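Structures follow.
Paired with chain B in one complex and with chain C in the other, chain A is shared by the two complexes that follow.
What follows is the complex of A and B.
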């Protein structure tokens, strides 16, 4: 037994199945997408090399940049609206004495629901005539808002829905970090006369920064590949107002039968995500060092 | 010696299992995936017809099973089937649109050539038109029915307000004004999917610029941004600005369009003849059951070309994967499917149960005896009065142009662009698509 474990080939053997799957479903499609991104291809016939034409077309297309802008809205909304709410709710739940499990489960439920269900559910809430929001607005004497029909409100409506779905998932992560802080630290602060707010800002927050950094990182990655919620709620409409890069790729690649162009968009999404995450790691994440108690 | 004792029974077992498995293989049943778009209550009758046909095929060809795969029509057409064609994994039998879709798949050898099968079954002259499914003289798909587009309207409301079916677009606008003033929405519409408002737009531009203009876009003979086209879309935007459509309809699903008419919230609705079955079903139409009439979009003063032509054709039906011909049993199943689906009985059944206009030359005696609603009779009468029919624009232009005009119409409804600006953008995409095709 010991002999087998000392042989590096044993480890290689155990890793092989995962490695094969990783190459098959990630490395190969990625290389293939890179190669096809430089071709004119209808997805069915033989691809023909067309140099940088696809990339040139994408980078000079206003609709593409509009979809990039919408991805940026996803990121900004996550970082500046969703994360503060996540931290706030996590702090609240961590201080609850009774039914903590119930609160944790309640906030977690939306993240186990399928995006299609969440999208349809919120479409009812945004319905112009009988939707919950407009019923409330009209009851308090305000004009109803055409949530998913107006270009300006459609994007924010999607962002709210997306945040609702994933906030609970991140709350559970942050909550785990808060609850893992040794009680002695908090008790020492209480003895020193720190109030609840001071303890949250001065003690808890710095200690959970690494996990908040992970949450931000995951939000960025999630924002860059957002597509399902947009497809279910608006199909990228009205008039492409809510298109993100992934729905742009589906529309202009698959629907338009231009798979070469679609692959080029996939490559651009990959490159943009790589740049963003690398920048985040270099500029921000490294600063939030590992916490030693 | 001992080894040989062991080898003999082992070899016998091997031979026996091989023989049994090859006999089994000969009788092996095959499962064919049937991609259909008959989802929801409104299409239940069509799904029943499909199920009955598949039962008959299973009786005709032993060892054939079917797996139904229902997908939303728009998703199947624009995303799922296209991806499957790219990965060579299309189902054996699938919902197919004629025109540009069929041309693309046929040119890449993905569709089964049905010409010899039609000949074998004696069906080659039985269809009213196979034009949209014919590429290079070969037939690659079969229309399940015909369609026609026009205005459905609330008959009791018209009677109560003493309104008459309009004969010109000016009269239609006056009608819309009267309805609007009475607090109702003149036209039911739900434009989350852009093809819905484009139905109205397609016929409107055919009235202004003539029905033949559309076929010229892909050849470069005609232009999207010609003055007549701009006038048609300006009129459309004018209707939006006058509040002829429900506010916020850009975010509503297609099914919501007919609900606006059923609830009495809207009085007229531009839609295809396929919607007629809803108004004959008390479960779906409620108080509006058999209370809906139909008229064609009226003529435009100073309009070009035929002013009575209707948007209609035979563009949707079934296609079959080219891979089917490699397997005798699958091919037999496809032949049986065509035989059992495309006959007088099923065409009459589709007409009676669902208001689907026949795509085949059905025996006139049988057709006269068919029990159809007054609404379907109205639709047939409008078709008979029309000087001709023109197919929907999306079967005649490239996919990118369809996307461009789809985005454009939503922007126009949302007030984000003008008719001229939008059509200039579409023409630019059209020009690029035409240059690429060369």
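What follows is the complex of A and C.
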């Protein structure tokens, strides 16, 4: 028994491809970012150590803090605007008998699309002259809005696009959780005289808290990943108004070949994500324990 | 009408409004793609055009080199998804079925760290790594990172599945004289097929849609993937929205067809994948 499944050569042979690629593309880049983040390097010659200078520069740069703020907007918008909508719509879908399948299938569609195509599609909708929104606004006698070229409206326009793409994905997740609640619990509440609203608040909501907590966690992770949509829709503009940390890093690290500074930003993204994960664990995950039926 | 049925209708009305908000943008692009020019899109944004201009599709196909981008995306996404599954299933087998429990536990925890590392933070260091090894600018600059990038998720899902396979199966096959390789290929892998399909779909969609690496690691037009190619096309032809819409339709339709056929597996795979991942 043990002989066949305890062969060091076979074990090494099976593990090796994964380990090599994993170390090369996860562990090494992470360590490399930490190493190069403390250097001045523009790609030519060798990196020269310059201590905390890069971090000092980033933390005293208003544009960097602006990009951090935009990441926070992504998170706040997901948690306080998207999540309530997700829960509300999931409850509605779970309560209707007809068309349930259609709703579920249709709302999920944008999540299988590439963010690039979604960004292009919505740039068209936001287009100042012939885009859908401004045509409607001018038809009802209002002034057109320069959605993506105005610093004030650019960020919210991106957030709406992002929400449009991902809301359906989370609806399907929450819906699955609601539908897995045993019917008897709900039926018992009906017999006790609870109305639909009471049942939703007192019974369904507490039972789906774990999945809502997962949705919040995924939204936070998604908010930290959102860089492609910014690049496609505004390239971080106008004037850096929609930059997030990742696009700020790309701007310096790749476009302007400031490898040392760019890697320092990569380290800051890593640290920032770790802080968020810790906060999430402390504030949300611990309070929502799993329910076994 | 009773109060109960009225409540139901209100639910349906709200849901239909949401449905229109989700689906209308697609319809808007579809209608725009057969209109003559920007003027007609602006004057008649909601309806079908007076005459259908299908030549937009022909022009977009030629101007946007969609066939080139499409083929690049297809072969890169397929190749990487298969490569990841191949190496990850070997590792998952070693971790869950071979008798090195302590070492395997460590290996699994080590690979789990990958789920905590934010992908965006790795973009620049990987860019530099590829540049130093002169891979940057070739298709390998996407193929290797895509294959590697899906490793943590794939190993975790496949390990969870393989762990649930009862041990009696392989005990019997050891009696029959099978080696570890034989048990993997003849016993475990065939049972794991449902999980393999799930991770294939998730990884394929992820690779097919990937934008950041594809945008910065490739600079030759002929080597671009569909998402990057479409953005480039938009940047050049952004004055001709009818033709651009035709381009968008080209890139949406294949995904819609695949989604129509495999929607159950896709929804299950993507949502399950995100929770476990």
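In this section, the second predicted complex is superposed on the first by the 270 of 293 C-alpha atoms of A that agree within 3 Å, B and C clash if a C-alpha of one lies under 4 Å from a C-alpha of the other, contacts with A are read in each partner's own complex, and residues count from 1 in each chain.
FYI, a contact is a pair of C-beta atoms (placed from the backbone, for glycine too) under 8 Å apart; a residue touches a chain by one contact, two chains touch by 3 or more.
This is a predicted model, so every value here is computed, not measured.
In the three-chain model built by superposing on chain A, chain B clashes with chain C.
Once chain A of one complex is fitted onto chain A of the other, the partner contacts of A:254 extend to both chain B and chain C.
In the superposition on chain A, the chain among chain B and chain C reaching more residues of chain A is C.
When both complexes are overlaid on chain A, the residue A:86 reaches neither chain B nor chain C. In the superposition on chain A, contact is made by A:214 with chain C only, not with chain B. In the superposed pair of complexes, A:264 makes contact with neither chain B nor chain C.
By the touch criterion defined above, A:42 lies against chain B but remains apart from chain C after alignment on the C-alpha atoms of chain A. By the touch criterion defined above, A:148 lies against chain B but remains apart from chain C after alignment on the C-alpha atoms of chain A. By the touch criterion defined above, A:128 reaches chain B but does not reach chain C. Only one of the chain C stretches 131-139, 185-193 or 257-265 carries C-alpha atoms that clash with chain B in the superposed arrangement, namely 131-139. Common to the chain B and chain C interfaces on chain A are residues 43, 123, 250, 254, 259. Chain contact summary for the complex, chain A toward chain B: residues 40, 42-45, 63, 123, 126, 128, 144, 146-151, 154, 234-235, 237-241, 250-252, 254-259.
Per the touch definition, chain B reaches chain A in the complex via residues 78-79, 82-83, 85-86, 104-105, 108, 110, 191-194, 247-252, 399-400, 403, 407-411, 413-414, 416-417, 436.
Remark: chain C residues 7-8, 11-12, 14-15, 18-19, 21-23, 25-26, 28-29, 32, 38, 41-42, 45, 87-88, 90-91, 93-95, 97-100, 103, 107, 110-111, 113-114, 116-129, 131, 144-145, 147-149, 151-152, 155, 170-171, 174, 178-181, 183-184, 205, 208-212, 215-216, 226-228, 230-231, 234, 241, 244-245, 248, 251-252, 255-256, 259, 263, 266-267, 270-271, 274-275 touch chain A in the complex.
Across the interface of their complex, chain C is touched by residues 1-7, 10-11, 13-15, 17-19, 21-22, 24-30, 32-33, 36, 43, 89, 92-93, 95-99, 102-117, 119-125, 127, 129-130, 132, 135-136, 164, 168-169, 172-173, 176, 196, 214, 218, 221, 224-225, 227-228, 231-232, 245-246, 249-250, 253-254, 259, 262-263, 265-267, 269-270, 273-274, 277 of chain A.
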